[in-house]
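These are the structures in question, set out in turn.
Two complexes, one shared chain (chain A), two partners (chain B, chain C).
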Partner chain A sequence: MLFSLALKNILRSKGRSIITLLLSTLTTILFIIYVAFMDGSHHQFIKSSVEIYTGYAHIDLKGYRDDSGYENLIEDADRIDKILKNDSSIKEYAPRFETYVLLSGDEKAVGSLLAGIVPSAEKALSKLQDSLIKGEYLSDRDTNAIYLGSDLAKRLKVDVGSEIAMVGSSIDYSIAADLFTVKGIFKTGLFEFDSQSAFVNKSYLDTVMMSDNIASYFTLNFHDNDRIDKMTATLQSSLPSEYEAVNWKTLLSALVQAMLVDSIFGYISISIFFVVIFFVIMIFSYVNIYTRAREIGLLRALGLTSKNIFGMLFTEILLLATVSLVVGTIIGASIAYYYELHPIVISGIAETYKEYGVVSDEVPMHFDLFTIAWNALTIFMLNIAAIIYPISKINRLTAMEAMRYV
Partner chain B sequence: MYKIAQHLAWLSLWRRKTRSLMVIMMIALSLSGLLGLQGLYDGMITHLINTTIRSDSGEISLYAKEYRLNKSLDHILNPVSHIEEKLLRVKGIKSYSIRLQQEGLIATAHKSLGATLKGISLESEQTFGQFDTFTTKGTYSFGEKNKGALIGSALAKKLNLEIGSRVIFTAQDVNNEINSISFRISGILKTGNPALDENSVFVSMEKMSQFLNLKDSATQIALRVEDTEQTEKIQKELRKSLENMEVLRWDELYPLLIQMRDIMEIFNLASYAIVFIVAALGIFGVMLVSVLERMREFSIMLAIGTPYKIVRDQIILEASLLGFIGFMAGAFLGWISLIYMSTAGIDLRSFEAGLEMYGYSAIMYADIHLYYFLQAFFAVFFATLLSVIWPLRILKKIKPIQVIQGKML
Partner chain C sequence: MKYLLSLLLITLSLYSNEAQNIIKKLEKNLRGDYMYATMKMIVTSKRGKRTVKIESWSKGNDKSFIKILYPKKDKGITFLKIDNQMWQYIPKIERTIKIPASMMLQSWMGSDFTNDDMVKESSLEEDYRAKLLSKKGNSATLELIPREDAAVVWGKIIIDVDLKNAVPIKQTYYDDRMKKVRVMTYSKIEQHGTHRIPMVMELKPLDANKKKNRTKIIFEKINYDAKIDSSYFTKHALKRYSR
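Then we have the complex of A and B:
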């Protein structure tokens, strides 16, 4: 009986029902899209940083992350190599040797990162090969070939085929110097990376830097990068105690923090909108309930308890909230899913915000069922919370008071 | 007559206290939130702009033509003394700082990194942007015989440097010869400008000139003006007297900051529009019911000869009072929160690394401007007017006698 009464009331108070439905549905859609967009841009940021070069996880000597000098290198890289080779959870891995050197073109010298990489292994671990814009990518047999970031090449005023002198320090702190020929130029879109990075075949760089069987760290991808924390912890247990396995959440902790702060501000901004929605739903419910005060008084006089009245009014908002939740979630989730597959393109955004790490004009949404579920549930709870006060207020009136209510 | 309408509007408002209070709370809470956010977001951008101006660009910067495209010592300002003479003739320049910089490699005994060495005058930078306030460790000096260097905090952290640590900087001089120079760290600076904190080492101008084999030369001269309103005028004047140089304002050097400020303004306006269109719906709900339940009352007023205008004004006044009280309460709450955020700030030091990455301060301070409140007032006013359009249409269509007889509505 309560259900049918509630349904009749919904149909009778069309204005209030439509406004509540519309508001709740639109808020659900807006919230889902807003969060999907925010998460999508954050994922894009992190994914770019992880996949372009950093990688999903590293293995390094404890202390390397605080002081990445020559004191904290992996000095028995073959041993780590064997461990990683036998770990079935690891999809691919490679050692890297990183140092900072002075690179000089004919006119200009620039301090730059010089990394020794295994070119064939890096194809799957980073976007270095995919980012080639001129010349050729490195091969495992290369000797004096260097692969330069596009902005670094501009700073050095060199092109493919140019010669570059390198002066640095080998791992015994003696001067290391060599001449390299630019084999290829890459552009990842990560401004800082493109303007400060150069790569050489590790096996050759090892002869210059005296770093044979030595690595700064190993970079790796797991088969299941989605469960990265668990994977990293398992890997850690198989490593000798002086080594540590750390994943991108630690490696890019500043970026993760920045995204978290951005999310917090995002949620604070949208919460103001929720405050208004909450009050509008409450006002409409309050007005609607009080225009029916005499009717409610009559129902109480006929024997319905305040619990029954609460049940009836609660059922009304429950029905409205459920309908808006279902419709809003379907529409919101569909939009989020569509724009995850077909990202929104904002022309020029990558160029404008390149210094902030924006590498693409595409801004995808992030479709995640769990996130969508809690977004929808938040709006549902907002609806329910908005009705509590009006119901409790009308229930405080006795049957006679309600019937006499003007 | 109008006074009666005013009185009636006031009484009607408090006849249904809960309803009116709900509307007032809705306006007040959303408005205070919007004001707080607007001030905080503006404060973040202002901090970025101020830091950039103080630590680098000034309001205006001078460069040799092509230097910014090609940061080579082939494109330098020379002779600086002549430029200084010209600057002294321009009215409105408060201070200036002459800088000479070169990119290279900084190395400790254990590690090396790419960095920029900047020759500066401590006194000039002090007048220019109160540089000493950026010192977090050590002293604001280059030590005895200018053998010391100040270093950006992030760079010092990467190199594990402490006060007294020795560093060697290697770079090309003006003759393209590779030279090295050694310094001891005398101070660590945290300017809040990521480009400086992560990449810069500051040494005395004399040492720098000697190191690069240059005399009376600079790569940048940054100027502070007495009145920021006069920046464009001074820029024009400088362009006339320094024809062979680039004379650029800070917003031309850092267009991204202006874009960020514009985006933030659009975001604030959009937030106001969305929130107050929805809020208008809330006020509308209350006003509609308020009009409908008093239809007989209004019909009697109209039937005894009260002009429709008076009834209309009463309803508009009623909604306006609701909006005004809501605005006052919201403005007061917003003002309190802005005062708090602009003096005590919001401590986000637990997210320091993330915020510093983008040049934001870990303790954020809000801005307060009068126009925030004017903007808010117009938003509330607009929402209020929007909310009474429909109830007034209904009222205009009624036939008073039929309503009194109970034949209509």
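Then we have the complex of A and C:
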């Protein structure tokens, strides 16, 4: 009986119902989109940083991350290579040998990271090849060819075809020196990376540094990078105890923390929005209910208890909130899904925020059903909570008081 | 009370003067106008042991020229230090490279010394304020705190001195947070001309990751008396004397 009464009330006062529906539906949509956009931009930041060079996971000797000197190198890279080759969860992997050297053009010497990479394997593991802006990317047969970051090339005052001298330390700590010709120049957009990194074919660099069968670490991608924690833990169990498998969450922990802080601030701002929404709904419901005071008084006079009245009004809002929950979720989720596939392009954002690791003008939304579900339920609960006070207030009036209420 | 206080101040100032005099004497003994030396540097690390043979020429505290004699792979590599700047010549690529400031804290030739150690004309007397901590017979312990305007990387140095020979026995280096970071010990004192010199120096970093590391320098020949031609202290010398 209460349900049909509530339904009748909703259908009879169309204007009131539509406004309530619109208010909660729009709030649901807005909240879902806001969170999808925030998560999407965070994912984009991390994805850029991970995919440009770091990679989804590394295998290194325990202690290497604290002291990346020559004392913590993988001394038997072939052994790790074999383990990785036989691991079906790994999509692609490659060893890297990283060292700090002095690079010198004609005039100036600059301290830089020099990494020996397997050029063909890196195509799938990093964005090094995609970031080429001049000359050519490295090949597996290159010898004295070097691939330089654009800002490093500027600092050294060199261009494609220029000769540069490299002085570093071999792994036996004798001096390693060689001359290289700039084969290509890349620009990833990460300023620090572009101004301090140079790459050489690993098989050649190994002859200069005496690092044959030695690697600083292996970088790898899993088939299922979304379940990275589980994948990393499984991989760890197949490694000899002196090695560790770490994923991007650890490798880029500073960035992950920065994103977390940003999310917290995001939620703080959205909670202010919640407070506003809560009061808007409450005031709106309050006004609505009090305009129906005479009607409610009449119902009480006809024999309905205050409990019945509470039930009727609560059912009304429950029905409206459920409809807006469903409609809002469908629309919000569709928008999030669409913009995940077709990211919003904000031209100039990469240029403005390049030092924060933004390398693309595209900002996708993040479509995640769990997040969408809790977002929608939060607004639903907010709707319900906002109605409790007005209902309980009107229920305190007696039938006569309510009927005389102006 | 006043009397006691002034007595204390006088004693303190006498102590600090005494400490400063010890450092002065020490530096005078160790430093000559010119110095020629050949030495062996033994670097021990987790990766094993490595010996480098070095020939060096220096003038005062701010000009020096170093040539690597051994291992064969590094033979002929030369270093020139003038004031706070350092250049390096590598015969294999026939290039002279100036070591930039950003690389100054990198290890020198894989040893526990940094490029900065090689370059800094750290004069204990000029850069530090000395305080006598203890004195017993011929040995004393001093605390050296950097002067406000001194460009040094250490928070303080504790130095044990052999007063009779005016040579250091042990130097403990602290960083700016007063954490012990490395210890240098000196031994095998020999007379060379008017100078008494510790012929063996050993540097040991105290970092937990470098437990096995140490760098030992053993002087083989040392000569304070011969004047060194000024041509050694020019950039041309890097290539010229590399052979």
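Here, the second predicted complex is superposed on the first by the 367 of 406 C-alpha atoms of A that agree within 3 Å, B and C clash if a C-alpha of one lies under 4 Å from a C-alpha of the other, contacts with A are read in each partner's own complex, and residues count from 1 in each chain.
By definition in this document, a contact is a pair of C-beta atoms (placed from the backbone, for glycine too) under 8 Å apart; a residue touches a chain by one contact, two chains touch by 3 or more.
Bear in mind the structure is a predicted one, so any value in this text is a computation, not a measurement.
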**OP:** Have a look at chain B and chain C on chain A after the superposition and call it: clash or fit.
**Re:** clash
Original post:
Per the overlay, which chain contacts more chain A residues, chain B or chain C?
Top reply: B
**OP:** State whether A:V110 touches chain B only (first), chain C only (second), both chains, or neither.
**Re:** both
Original post:
Now for A:I171: first (chain B), second (chain C), both, or neither, which partner does it touch?
Top reply: second
**OP:** Tell me which partner A:D229 touches in the superposition: chain B (first), chain C (second), both or neither.
**Re:** neither
**OP:** State whether A:D67 touches chain B only (first), chain C only (second), both chains, or neither.
**Re:** both
**OP:** Return first, second, both or neither, reflecting whether A:L179 touches chain B, chain C, both chains, or no partner chain.
**Re:** second
Original post:
Which partner does A:V261 reach: the first (chain B), the second (chain C), both, or neither?
Top reply: first
**OP:** May I ask you to decide whether A:E242 touches chain B, chain C, both, or neither, giving the answer as first, second, both or neither?
**Re:** neither
**OP:** Kindly point out the stretch of chain C, out of 91-99, 163-171 or 217-225, that overlaps with chain B after superposition on chain A.
**Re:** 91-99
Original post:
If you lay the two complexes on top of each other, which residues of chain A touch chain B in one and chain C in the other?
Top reply: 66-67, 70-71, 100, 102, 104, 108-111, 167, 169, 173
Original post:
Within the complex, which stretch of chain A touches chain B?
Top reply: 19, 23, 66-71, 99-102, 104, 107-113, 155, 157, 167-169, 173, 196, 253-261, 268-269, 271-273, 275-277, 279-280, 282-284, 286-287, 290-291, 352-353, 355-356, 393
Original post:
Any idea which chain A residues touch chain C in the complex?
Top reply: 63, 66-67, 70-71, 100, 102, 104, 108-111, 165, 167, 169-175, 177-179
**OP:** Please give the residue numbers of chain C that touch chain A in the complex, ascending.
**Re:** 43, 45-47, 50, 71, 73-74, 77, 88, 90, 92-93, 95, 97-100, 102-103, 106-107, 109-111, 209-210
Subject >> Complex interface listing, chain B residues touching chain A >> reply: 18-19, 22-23, 25-26, 29-30, 33-34, 37, 70-72, 74, 103-115, 158, 160, 170-172, 176, 178, 256, 259, 271, 274-275, 278-279, 281-282, 285-286, 289, 293, 348, 351, 353-358
